[in-house]
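Below: one structure in structure tokens.
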Amino acid sequence: MFHAFAEAWKGLRRNGLSSFLSLLTTFIALSLLGATFLVEANLRYMFKTVEQGMDVQAFLKKGISPTEIGEILAAVKEIPGVSDVTYVSPEDGLKELREMFQDMASVLDGLETNNPLPPKIEVKTTGVEEIVSVASSLRGIPGVEDVIYQKEAQKKLEAIGRVLQIAGLAGVISMGVVSVLVIGNSIRLTIIARRHEVAIMKLVGATDGFITAPFFFEGLLLGFFGAVAASGMLIGVYYWLSGWLAATLPYLPVLPLDGPLTTDILTILVITGLAVGGFGSALSLRKYLT
Amino acid sequence: MIRLKNVEKTYNGHITALSGINLQVEKGEFVFLVGPSGAGKSTLIKLLYREEVPTKGEVSVLGEDLGRMRRSQIPFFRRRIGVVFQDFKLLEDRTVYENVAFALRVTNCPAREIQKRVMNALHIVNLRDRRDAYPQELSGGEQQRVAIARALVRKPEILLADEPTGNLDPSTSMEIFRLLERANLYGTTVVVATHARAFVDAMKKRVVELRDGRIVRDVRRGSYSE
Amino acid sequence: MFHAFAEAWKGLRRNGLSSFLSLLTTFIALSLLGATFLVEANLRYMFKTVEQGMDVQAFLKKGISPTEIGEILAAVKEIPGVSDVTYVSPEDGLKELREMFQDMASVLDGLETNNPLPPKIEVKTTGVEEIVSVASSLRGIPGVEDVIYQKEAQKKLEAIGRVLQIAGLAGVISMGVVSVLVIGNSIRLTIIARRHEVAIMKLVGATDGFITAPFFFEGLLLGFFGAVAASGMLIGVYYWLSGWLAATLPYLPVLPLDGPLTTDILTILVITGLAVGGFGSALSLRKYLT
Amino acid sequence: MIRLKNVEKTYNGHITALSGINLQVEKGEFVFLVGPSGAGKSTLIKLLYREEVPTKGEVSVLGEDLGRMRRSQIPFFRRRIGVVFQDFKLLEDRTVYENVAFALRVTNCPAREIQKRVMNALHIVNLRDRRDAYPQELSGGEQQRVAIARALVRKPEILLADEPTGNLDPSTSMEIFRLLERANLYGTTVVVATHARAFVDAMKKRVVELRDGRIVRDVRRGSYSE
């Protein structure tokens, strides 16, 4: 066991340049896998954020009394799928409009004295799927005049959400396959270059395990170092990029670089690296063992 | 110890390297395998350590039926046999010392023991000084002597040597043949394929002559040719 | 020459599996390069579209006469940096608003009879850089009351534009480097596996050119087939994806898959493939030739 | 034709393979290079076709000063020389035919001519039947004969052979030496490093003996040892 490990280390050192280039290949392949994972995680996160921002608006009778409003709010909170309710007075509504269209503020000038906006409540749902049922429940509440929500947007978001999930998974998986192929091929070629050595070892009475072990450990080391380097690089770049994005596009929701995210990347890359490196070399060898 | 029964070996289905071979070698025997180039000497030796399997017939060595041997058993079987390959088969990326040590490392020989035995084997073939050289840095004869040292270091029950002196001068060849003879005296069964007429004639051992894949002569205390 | 080409072909066939895996590696590396290029081209296109959509609005005096409007339009067309001008009457303005906020249509109900919107002209500029100068020119035209444009958005877009250009180029270049490394390494390993053959050829009196040529052609063939396969795959996927996007997110500007784009991809990939394949193998060989 | 002046060759700065070598071989000579394993025979031959360059001294072959030869000239120089390598150096991934043909392909020999000459060379070493085999499918002696055919096929001005019969039986060896002698009669200068005492003694050619990297004997019509 220790012997095999020492042999693996010697093997890597003996073939310095080759090992370095294989490491680089592993690094590149795993970086791509990690980057795809990060993009996928961010898209999912963005979608989640957008989804949570989605809400249903219910316009109330004009001149409704504060007590009635209180009752309505209480009733709305009971509806399943509702995560939050806010009351927006006509004055607040006008302010909101003004903020949304600050550059066209003059358009709204005439409305100040003669506010045409009805009082309304904004209802946040727990997810896109709940919007339709919440809206219909809202319609049943007395004092609610009209209920609006972005039907089209809702459907699209649902569709995009589904597609994102599938595409993201497909992306990560296919990048995983790419890593496996690229790393595996580089290992395979390394072993081809040593096929004579392997044949000789067998003739001298080495067991398959004895021959495989150093290659296996070599692959493990390669995979491990490649994964750690790739993780380090990605985390560094992500740290810098997310800082830059936060400054430039403050409204863009970016997954924060916290413990779990770091752990995820490290886990994915190290496991892929070890698995491909170790089993890649073990499997590639089988051809020359039988 | 070694028994071949009606052995036939064809390569690629049409090149007959051996046919109708019946041969028995007892423990402690010393056998010369002679015959022209392409007669099947190496093929016969390859059958004995199971690098090749016969197309027909039975080969049994050290009490094992090689045709029935499980794949996982082969390495353990080979450890009981020392082989000097015709093309040396040294590990290119290891030093002379490591090449010889490798034959012991595959068994579970303790490290101290390995050191002692390897240095001893290198001493016998007169290569102690070159122990840190890589095979490409050796002369043809030196490489051949490394191959011999590797076969001897394990003190095998059977020693197979395929043209072990093809790259050696007469006096070094003489030493090698003496070495084989001494190993034989200590009980090792020895089978040597060779073209070294002078030594075969001088040593008066059993001679098996192959020609076109058949045994055409098998005499005790024989000579290279009739 | 022909001999070298025939040898190259034989070499590829002789090492069937190895060649196939090298081809796969080349394919993967070039696909990544191509995909990065497509993403970069689309981001640039999106940005261009957004940029072109950006405009300056000038509100005119209420109750302005058609002749005056005609004069203003003529004057505006003279301003350098202006690509298009449209007149929007108060009624059109209200319609526009209604369309933009269809879900909140009730908000605008009160405005029908008492339209508070001033007449305005919408001016498109030739690019973001022109907005500020066009706006100040507009202010000097008699009959123009107020000029508005998205100052913040303009600055951000400019910044994003610059960043996109740099990041996109960096992305394409680094993917190019990745391709070169990955393909180059796989070629190098293939040559290592044949180092003894190369040494023997030299000893028998083969010139460097004679030895290199088949490897060079082998690399070229590998690069070429890899590039064509990658282009084919990318164009197929792009065709499908852009169709899907057009259906799902009609407002997202997607670069149409036309002749120039196809040519661009093919050119980039084939040139990279040939260059890396051919010179990669020639350069890798040098070590074993001297 | 071949001239070495005060040649010294050390490997890795400390292993002296040759020292103080002065040797002159005229056009049409036949020279045996003998000496124990590791004496420096192969190293001397390697200097002659510029696989190695001397550490000190001058080597000139076919009128060319090998120390001053431009890299780009080496292949053209080598084409004028046929070499039988001690370790054969056959191309593993080509058939016997292709291995021999390769020596002609590197020159601009027309295809028809190649076919004729290769088949003729294979006939001489008795390997026409095995022309489509790969080197690994040949016996040791057969591989050696392919190497010999490859060296002969170009009808070289100088033929260098490093232990060309180490894997051959006496009668095949005899044929090979006859072949070398015949080539020599047609004007080829021949240098053969060998341990084959019986043939050296029988052929009565010039013998140069090396020992520890020095020339210790150089006699016309000599024998393997004094």
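Points worth noting:
Here the chain labels run A, B, C and D in written order, and each chain numbers its own residues starting at 1.
The rule is simple: a residue touches a chain if its C-beta (ideal position, glycine included) is under 8 Å from a C-beta of that chain, and two chains touch if they have at least 3 such contacts.
Just so we're clear, the structure is a prediction, and the values are computed from it rather than from any experiment.
Note on connectivity: the fewest chain-to-chain touch steps from subunit B to subunit D number 1. Among the remaining chains, not one touches subunit C and also subunit D.
Note on chain placement: the centre of subunit B and the centre of subunit C lie 68 Å apart, centres being C-alpha means. A separation of 24 Å divides the Cα centre of subunit A from that of subunit C. Inter-chain spacing, taken between the CA centroids of subunit A and subunit B, is 63 Å. Shared interface positions of subunit C, defined as residues touching 2 or more other chains, are absent.
Among the residues of subunit B, none is found touching two or more other chains.
Shown here, the protein chains touch around one cycle, each chain meeting exactly two partners.
This structure has the following touching chain pairs: A-B, A-C, B-D, C-D. Those residues of subunit C that touch subunit D in the complex are listed here as 3, 14, 194, 196-197, 199-208, 210, 290.
Interface residues of subunit D, counted against subunit C in their complex, comprise 49, 51, 71-72, 75-76, 78-79, 83, 85, 89-93, 102-103, 105-107, 150. If you check the complex, the residues on subunit C that touch subunit A are 18, 21-22, 24-25, 28-29, 32, 57, 59, 93, 97, 103-104, 106-111, 114, 116-118, 146, 148-150, 156, 159-160, 163, 178, 181-182, 185-186, 188-190, 192-193, 195, 248-249. Listed in rising order, the residues of subunit D touching subunit B in the complex are 11-12, 15, 34-38, 41-43, 86-87, 137, 139-142, 144-145, 162-163, 166-173, 195, 197-198, 224.
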